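A, B and C label the chains in the order they appear, each numbered from 1.
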Amino acid sequence: MIDSIPILEARNLEVRKGGTIILNVPSLLIPKGEIFSLIGPNGSGKTTLLQTLSYLLKPFQGEIFFKGEKVNSNHSVFEYRRKIAMVFQEPLLFDTTVFENVASGLKIRRMKNQEIYQIVMEHLDRFGIGHLGNRSARTLSGGEAQRASLARAFAIQPEVLLLDEPFASLDPPTHESLIEDLERILRQTRTTTIFATHDRSEALRLSDRMAVMNRGKLLQIGTSGEVMNHPVDEFVASFVGVETVLTGRVIKRNGGTFVVSISGKEIEAVGEALLGETVILCIRPENVTLFIHSSKEATSARNVFLGKIVKITPLGLYQKVQLHCGFPLVAYVTNHSLEELSLIEGKEVKVSFKATAIHVVRKGEDWKREDI
Amino acid sequence: MGTKINLWIILWGIVFLIFISLMTPVHAQQKTIILATTTSTQDSGLLDILIPIFEKKTGYFVKTIAVGSGQAMAMGQKGEADVLLVHSPEAEKKFIAEGYGINRRLIMHNGYIIVGPSEDPVKIKGVKSSSEAFKKIASMKALFMSRGDNSGTHSKEKGIWKAAGINPEGEKWYQQTGLGMGQTLNVAAEKKAYTLADRGTYLALRKNLNLDILVQGDAILLNIYHVIEVNPAKWPKVNAAGAKAFADFMVSKETQNIIKTFGVDKFGSPLFFPDAGKKEEELGK
Amino acid sequence: MDLILEGIKKAFWLLITFDPEVIKITLLSLQISGTATLVSLLIGISIGTAIALTQFPGRKIVVSLINTGMGLPPVVVGLFVTIFLWRNGPLGFLGVLYTPTAMILAQAVIATPIVMGITLAAIQQLPQKLRLQILALGATRLQMVWILIKEAKLPLLAAVMAGFGGVISEVGASIMVGGNIKGYSRVLTTATVMETSRGNFDIAIALGIILLMLAYFINLILTQVQQRERPR
């Protein structure tokens, strides 16, 4: 690591509103060059955290360190704000030309007009709006306006970029186009970025590390792989897209595996759970296989059950199949397979999933959570 | 870009001009006199001639505040004026008696006139006594316009009604405009009514009115002007020196001469008759 | 009707011949009302913006006071200012009664609540997050206020026009505190009243027409600035 000091660090941050604590973050470290995403449902505190990190909101208590130095006095706050940039869900452009808008951050910093011109034109091109320079900001479409807002933020060459659900109000094609461009530019500039979203696939796509938030707390921080595949509790699990979450008790142990009884069925999983312990089993729908009842192929899967298809929901390139096997189960099946196996609602099929594919959450487990 | 710059330049240009041109000379307090007088005096135009001469001669700056007689005296009573030029003898005597003013000096006089439609339905033309004329108007219930604003003219009018032994208040033919002399004359002309007016204002508007002079010359119609200095003993802040200078000026020979000929070229006869030095009782004979 | 025609003819005659008294009166009107408007802009926009951006106890009361002030009867303002400026009044030592300065003062008192009230509404109406966005771009508090004022350019220019319109046409207070002194504190409105009371209706109408033309010209320029970037 070139920089052992994280570019941004928050300690013991607490924000209160009318006496209630709405944000509680004991620690957050962001290394330089990382793209970090905050995911969580509406009202989970993502906006509050971002605004506190940029000191737009004053915390009830806690400290923020920028490149190792504490940000607290009026002067240091101001200096700090000049090194970061924030983009909101609404473009919030000024009532003037696109050029003037993108230049506004630079004008605030009293840059000379010739320099401003260079930088602004460069960023307009970068975001694909070079031809809109002289247009009034009022006449832009949603996508164009958000591009302008991003260009405005990048123009000041921030050391930390904060994005608060910037694409939430755009239609899917515009959304898609913008994410592509943003991804490209972030990789090029290697700007440290923290962005909030309620769309986990967006987070998956762009970020190096992510954090799941709820009720003002960071429930889990880790790489996408860690969070997605090893959610630390049922909330995180359901938020990151684990569709099947089952609660049961351990009734048998067998070396490195154990058996859980759920609704009368026995499911085998891998782990250290103790006899009698209550555990939560998380099964990703991608890991569930369906096959037709009659075939008797040998399989290494320990968990094979008979199930009835309750509902099929098309999801574009694949379909979501909800089954009942004594316990509810969700599987993703490609359109092709659906056709091949003639899967329809009401049909009985066999389902299987590997013991190793089950993510176990032991009740009382406190992996990566410093609160409580 | 071009139009943008131009408009801002125009705007700022105007702002600049405003500031520059407001650099009017500030008059020292000692050299300022507040003269309270009546609207009819002001409207006659006499002061427009006299004041500049006075200012040039003495270096004083005169602020002529033309209001109703009542307000002029009230200003004197409060010490908010330095010198008064008014024509309400009864009220003036009370003013002096109560110690608000000193050195009440006679300046000039002219006469009120009773005017009315040329048809003169009441047939008061040539009547010598104004109270007689008023009695006739009342008996015929002819339309009469009163200023109704406690001005000098209004007070005079009330005095005549009193002398005639009539109380016109509330009668349908007696209408009070509450307006200045010029406006009241216009209303009287429109409605073909009778009214009491000062000669100056009437002459100034005569061309456009259709009213004739019907009664004049009666002693009771005398309109006598005095200059009164506000008593500095009561109000130390008044410009006593300035007031005295103005009053002295008004009674001076040169000024009295100007008054004598004022209005002749415009109206054929003078508007005022200079009286400095005379006694009030001698007038009108 | 002929009277109005007479008035229009007279107006043109007075202007074309550059009648010195009329020129003086017109210039004085512009100077006095212009200065009063500028003063009201300075005070009105700064305080209006400050109140719009701050929360404090009793804010609602202050705002309703300002809104009431917008409809203050000018004649009442004139009366109070006169009483204050009387020689024997609290501000008598200034000695400014019956001067153009007193007129500027009275007119500024009339115009300031108007400008303040409209500014308050205009700034409050800007999206809340806009302030945050401006601060996030690294602006100082002062820079932020300036940018917000620029964003509210449309209603603020309306405020200027409302303030100016209110005082250039004002007569009650101007007569009381100015004294309508010839060549010194006589303006278009006070002269119009005087000429009307003298019965010189044609001159009065002429002055009225000149006043309208003056007001129109000024508002034309201001409207141009306000409407400059409207969508085509």
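A few points about this structure:
Operating definition for what follows: a residue touches a chain if its C-beta (ideal position, glycine included) is under 8 Å from a C-beta of that chain, and two chains touch if they have at least 3 such contacts.
Since we're looking at a predicted model, the values are computed, not measured.
Taking the mean of all protein Cα atoms as the centre, the chain whose own Cα mean lies nearest is C. By the count of C-beta pairs in contact, the leading chain pair is B-C. Among the remaining chains, A is positioned farthest from chain C, on the basis of C-alpha centroids.
Mean C-alpha positions place chain A and chain C at a centre distance of 56 Å. Chain B and chain C, compared by their mean Cα positions, are separated by 33 Å. Look at where the CA atoms of chain A average out and do the same for chain B: the two points lie 88 Å apart.
Multi-chain contact residues of chain C, defined as those touching 2 or more other chains: none present. Remark: chain C residues 127, 129-130, 132-133, 135-140, 143, 147, 150-151, 153, 229, 231 touch chain A in the complex.
Listed in rising order, the residues of chain A touching chain C in the complex are 51, 54, 56, 78, 81-82, 84-86, 88, 90, 92, 94-96, 104-105, 108-109, 136, 138-139, 152, 156, 162.
Remark: chain B residues 3-4, 7-8, 10-11, 14-15, 18-19, 21-22, 24, 29, 32, 34, 39, 43, 48, 63-66, 78-80, 179-183, 185-186, 201, 204-205, 208, 235, 237-238 touch chain C in the complex.
On the side of chain C, the complex with chain B involves touching residues 27, 30-31, 34-35, 38, 86-88, 92, 95, 97-98, 100, 179-182, 184, 196-201, 218, 221-222, 224-225, 228.
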